[in-house]
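See the structures that follow.
What follows is a pair of complexes built around chain A, which joins chain B in one and chain C in the other.
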Partner chain A sequence: MNALTKPANATDARRAARSHILTPRLETPFHPRLAALDEVNDWYNWAGYKAPHALFDEELEYFAIRSTAALFDISPMVKYRIAGADAERYLNRLTLRDVRKLPVGRVHYTAWCDDDGHVLDDGTLFRLGEQEFRLCCQERHLSWLLDSAFGFTVEIHEETEAIAGVALQGPTSYAVLAEAGFAGVERLKPFDIATFAHDGGTVTISRTGFTGDLGYELFVPRQTALSLWDRLWTAGDGHGIRAIGYAALNRTRIEAGFIVANADFVTAEGALRADRVRLPDEIGLDWLVDPDKPNFNGRRAVLDARRNQTLRHVLVGLEIEGNVPAEHAIVYHRGKREAGLVTAAIWSPTAKRNIAIASLTRPYGTRFVDDLWVEIYAMRELKYQKMMKRAKIVPRPFVKLARRTATPPGLR
Partner chain B sequence: MTSSDAPLKTPKTAAHSYDAIVIGAGHNGLAAAAKLGRSGRRVLVLEAANAPGGAARGREFAPGFRSAGLAHLVNRLDPEVARDLGIALAATPGPAMPTAVLDGEREPAVLRGAYGETIDGVTADEAAAFSRLRDKLVFQAGVLKRFLRRPPPQLGAIGIGDISTLMAAGFGIIRKGRAEGRDFLRMLLMNVADVADEYLDDDRLKGLLAFDATLGIHLGPRSPTSLLGLYYRLTGEVDGKAGGQFIPEGGMAAVAPAFLKAAETAGVTIRCGARVGRILADRGRAGGVVLADGSELTAPVVVSAIHPQATFLQLVDAAETGTGFLRSIRHVRSAGNVAKLDLALERMPNFSGLPGRDHAGRIVIARSMTHVENAFNPAKYGEFSPDPVMEIVLPSLADSTLAPDGACTLSALVQYAPYKLKAGWETGKPAFLKIVIDILERHAPGIGATVVAANLSTPTDIETEYNLPGGHWHHGELQADQLLINRPTGTASGYATPIEGLYLASAGAHPGGGISGLAGWNAARHILAGGSR
Partner chain C sequence: MQRYDVLVVGGGHNGLVTAGYLQRAGLKVAVLEKNGWVGGAATSRELTPGFLYSNCSYVCSLFRPEIMRDLELPRHGLQVVAYEGGAVLTRDGDYLASYRDHDSHRREFARYSKRDAEAYERYARDVTRQCRFIQPLLMRTAPDPFGFRPRDIAELLYLARKFGEFSPGEMAQTLRFWTMSISDFLDEYFETDVIKAYLAISGIIGTALGPMSPGTAYVLLHHYMGEVDGSVGAWGYARGGMGAVTQALASSFLAAGGTIRTDAEVARIFSRGGRTTGVVLESGEEIRAKLVVSNADVKRTFLKLVDEADLPEHFVHRVRHFKMRGSSGKVNIALDSLPEFPALPKGSSCIRGDLHFTDSIERMERAYDDWKAGRWSADPMLDTMIPTTLDPTMTSPGKHFMSCFVQYCPPKVEGRDWTDADRAAFAETVVGQISDYSPGFRDRIVHMEVRTPRELEAEVGLTEGNIFQGELTFDQLLFNRPVPGYAQYRSPIAGLYICGSSTHPGGGVMGAPGRNAAMEILRDLKRSPEKMSNAHDVI
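Then we have the complex of A and B:
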């Protein structure tokens, strides 16, 4: 409806106000390009957006990340702009890590908790200026962020729709950027941010990603999303660039040992069952907690749990014998005592190992680390083939690539 | 004791370091300070105003006429607190202070003794019915009373003391047999109107119960749980009798000095005119305060005997508390509903049909339950009552220094007068004052012509005068959702707060408002017992 024409009556006005129900899945700014490249029509719902699970072949898409360059649309990622005189102090109270130690032009991975120390989400915090930040995460938190703003001079805007994001990952990703004319991008070290001219405006490029590989994430206003895509696509022509879906990305993030909210742990605001919430130390995020920095949400609860030894879970990396992925398998101690659950598992083509991320109930995984088994049910033509496989706790990441951190990065 | 000329930017020396700092010299702050001081601790009380007393602080509201503050009678001073701290506030020997209920038509119904042990002006049957109801309510209030003198049980950390209190309450309920126990559980969350209808016929008595159950609470008599307010009233006692009331010898102006003396006797230092600007806290641990003039005072224990919202929304850096905690503090319902009227009169008024000596009692204008309910209705929509109900006391009868010779002061608590008046109190106040004076004129003909000065304090005025967010003298609604383990909010309900070393001790903490001294005394005892959360 034309915004200038008044609705004829109240009923029309109501209908107009809820026109969003006609498009239950939003399309991202890159959707026209994704739709054109799509061969398998395998879409899923990512935070209300239509996102590709795969575009042509999950296996080949995976190898695009590990062997050439892959473009992955991250626009549905929830993004908040946080700015103001108290922005640093505000974020320091909100999140676990010390934001005072995050210089302008840097990104850090962090997480935030409720008052009880239960993790609300994890994400990346971009320091775009002295008083200007972007927080990227999985779930929506506007009401929590706004309520947290009481007593601080800070402005918070949700910019998920306004900002398009695309991850360019893989060994030739730097070559693609260089070819596309982003001069100086070679100086970016991991977690650095810089802005470059693009299509009459700017593009923010950070050397970040979710693959454990050499890679970058690029953010632009949604109006210049397609021109950015085309610029990368053209430049990537000789560098094996491919557009990929989430299935391939998920494999690489498991290899890198990264966790995903509401896959490897349940977020505190999303959990329906009281025992599903997790303290940072229970999902492998203990290293983010900084007891020396000023007070932050959940500080007392986390430190009390450490002191009183009431932590109940632990997140571990597992290497499992055989080659059948153990997704959502139950972990046993000595083959009979239930010890936990596998939250993510794949056969890793790069590590050539059967790997998994698992949540164990302490003392399994802390005091009892040996004699662990996973029970895999493989459906084989309408019959479960039950396998009890030996599992070994191993450090994450499962795959460590020198090119991820090499600066300047290689061209191939 | 008063000094507003505090030195600037003081260094950290012994002179600026205490064992405990109490913020606010209201009666709860002084009670907490006295209790702490008696344990040998060095205690400092900081009061923003130029005199101690908090809401019991007197002021001159017209030349030659003084008001003793917000409260105009005492009905719940805890005897254990008074004994422990040596607070000598007692009624003048003689008959108990009566309550007269005026409906403007019949002769007043006058309740004598403690909450109507005998009643004048009603039939013998009605008096007997009231007595049965009164006995039942006093018994039931007695069951609840045992919870008032100790911190509320902390979920997840229930101690032996909590269990014994709960068991004692359980035995208390069935002490009079199963039927009484069942009746208690039936009535606990009822509304006062239905209960009164079960027992009474006389509209004046029902009106009184409705008024007493809802005074200072945003409920009408027909609102669910409104009986709780009456229970709360009846947990108060005077001379061992539930429901009593009195004005101490020397008048209400004697209240603040009595608490002050208890604190000073305990060796407490009290500084008035010393407004706290900030409570110092670092990584979840309180360490003292910074005064508005910038000087810093340190103490490992900071007791905030002011409104919980004033404490956490004004004095504590938001970064030092959690988002969830602050959210719950901001959601504490604390919009006052009562206006306080102080009248300066040329001479003593004469309320129609009221015997002369009963003018020294409490006078309630409430025709019926419906009158109170109708008075409440507009308050739900941000309007004041066009036909309000009120409680009147003539303070100068007990304390002749309040008014010039021959003249008189009148104090009235008038409801409903919602804090958030839709039309705004600037225009609302004169209109509401006129309504109140007109009502007084109806019940005490000629009073209007003798008014020398009238001072109406709306909830917004009370908020400003006493630094009480919402102008609510209970420091937060006294309703089921803000009692016990939820007063003022879950994680701060046991006097300790999420900030180690910072304690709450005002009416906003358990058990609530009224001059009982319990919140401050309980808080201090909790601190002395280790003060854990």
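Then we have the complex of A and C:
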């Protein structure tokens, strides 16, 4: 909607928005480019948006991330703009990490909890200015964020539709940005943010990503999304740039050991069953909790659980013998005692190992770490082949790439 | 003189469910129905040529799938078709729609408030959590805390254990849910009036309370507990109208060898020495049976059909004070074409769902104020549907049946009986409101059936026309429904049982009271209910 058709008041805006029913699946600002590149018509619903599961070939898309440069549309990610005199204090109360330690021009990964210490979501917090932040996450939390703002001088706006985001990931991603004329981008260290001129406005580039590889995420107002895409695409021509879907990205995020809300854990606001919610320490996010910072939501519950040793689950990385991915397999101790569930699993083409992320019920995974097994049911031509495979707890990430952190970054 | 094992007084859905189970358990059962047709408040009658109405109840969700399967209702013609959503049309010419699609629903709410749109998730989660707690209780006999039989203690423990699965926060929420007003409850989640008004409808339907009255939050829960094929909270149309439910039940019962007698109004239920012996019909005919099961509401059963001299005084006192106040009416309209609602976008699925015209809680509460003064609401809350948009069997192509549930509507008009003139004025109020949003609506009307509490009581037999055979407030639920000490479908008279919506778990075309009553009767007869499934697990 441009300035000329901008509605005069809230009622007109509400009427204008009626047409949403014509597009029950929203198209992202990059959709025209994705649709043009799409060869397989394999779309899925990502938070109400039409998003590609794959664009041409999941396996080849994976190798674009690990070998050249891949463009992945992250516009459907839920985005909130949080600004105001109390923004830092507000976010420090909301989230687990110490926001005072997050300088302007930096991003950090964080999570936030309800009063019982149960994780509501995880996400990335961008400090765009002294009093200005962007919070990116999987689920929608506006009512939680606004309720939490009681008593703080802070303004919170949901800007998911207004802001387009694209991840550029892979060993030649820096080369693409350099070729595209983003001078100075080489100075960005992991989790740095900078703004650059683009199409009469600016683009915010952060050295972040979900792949465990060298990579960047770029954010622009939706109006300049296509020109940004074209700029990257043209620049990437000699650097093997490809557009990819979620299936390939998911493989790399498992290799990097990252978790996904409502895939590897159930968010506290979504859980119908009281025992499905998780404390940060139960999903491998204990390192985010900063007990020394001022009070944050859920602090007492998390620290009590630690002190009283009432943590009930633990998230672990598993390496499983053989080559059959163990997705959603049950984990056993000594081959018979149920110990937990695999939440994500792939054969890792880069590590050449069969890897998995699993949620175990303590003391499995804490006191009992040996003699773990997973039961894999592989459907092969309408017959389950049942396998009991040995699993070993290994540290995450499963794949660690030096190029992810090298500064200045390599060109390939 | 004919002899039966069991006589069921009244052929409503619960009576037919009880009859079906008992007949299949090997008993000789007869259903005695005062009207010339069975169905009670779940009927589809052709009152004008070419149009089938759902005369009373009009949507299906609560009817328990276990019963449909046990009594083989699909084989006897029952199909329930899910519908798509609905809308409230607002006075400023806009609307608020609801959609089955999660994201469309959120974006629609976001037109009014982004905050409310995102708060809906938390609301739906909290309501669903409470439903998951209550749903398993529907198909169980409520414990009698006054009896100390092992079964009652076991049931109380079951309740306590269910409750124990909750976190302290959820327990507190449960108590709040059972006691709060729907308006206060919604205020904790939403800021937009029309959103609250839409969600509040389920909290007041069939209840002589306003949205600001404590206890209405539970009524919402009651309406959320249904499902269509496992989709919890979904509503559907019975193909062929709600009469299809009772037609299938009757067909199943007859196929099992049961007897249905229509135009057989029961005048008295006999008892001798504290034990029932049978009934006498209005015609004077006497029918003997060992057991009598009344599908009539608790007031009609014990204050009209049974000699009060045979009942304990305190029991009678409690029955007399059981709240069963008439609060609603029904207008069924035959239309020669699909009404237009210019506010709704072309091609919107809303027209195939529930349509409403009350866009604020305050208007609902004012509508209730009229009822308190003994008048029907000048600006009523309508719950309307056009099931023929999805069901091709009720009329011919292009023609439509519109069902209008109307609240509030008093059992007496300013203390006096309803007159035909009152009824015509009441209908005009309804048609007037619809016409405000649908130009030309009047011209499409072919025929109308207007039912005030007077007609509902006279035709269906519901005391004061109360659709739930007793209000669904917490003081009248579980072991307090209908009377403490008599919540297990039995009565002070041996061999006399009750199986209607006056009993646990209450109203709506659910069938659970009828099924639970059959279970208790078979238990007393020391027969095993072979063909009765346990309640489906809530997993």
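One rule holds in what follows: the second predicted complex is superposed on the first by the 393 of 412 C-alpha atoms of A that agree within 3 Å, B and C clash if a C-alpha of one lies under 4 Å from a C-alpha of the other, contacts with A are read in each partner's own complex, and residues count from 1 in each chain.
Basically, contacts are C-beta pairs under 8 Å (C-beta built on N, C-alpha and C of every residue); 3 or more make two chains touch, one makes a residue touch a chain.
All of these numbers come straight from a predicted model, not from anything done at the bench.
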Chain B versus chain C as contact partner of A:Glu158, first or second or both or neither: second
First, second, both or neither for A:Ala274, with chain B first and chain C second: second
Contacts of A:Phe150 with chain B and chain C, given as first, second, both or neither: first
Broader residue contact with chain A after superposition on the shared chain, chain B or chain C: C
First (chain B), second (chain C), both or neither touched by A:Arg18: second
Set of chain A residues, in rising order, touched by both chain B and chain C: 116, 144
Residues of chain A that touch chain B when the two form their complex: 89-90, 92-94, 114-116, 144, 147-148, 150-152, 291, 294-295, 297-300
Residue ranges of chain B touching chain A (in the complex, touch as defined): 281-284, 313, 317-327, 330, 491, 498
Residue ranges of chain C touching chain A (in the complex, touch as defined): 92, 94, 97, 99, 101-104, 106-108, 110-112, 114-119, 121-122, 125, 128-129, 132, 165-167, 169-170, 189, 345, 347-348
Contact set on chain A toward chain C in their complex: 11, 14-15, 17-21, 24-26, 45, 47-48, 116, 139-144, 146, 158, 269-272, 274
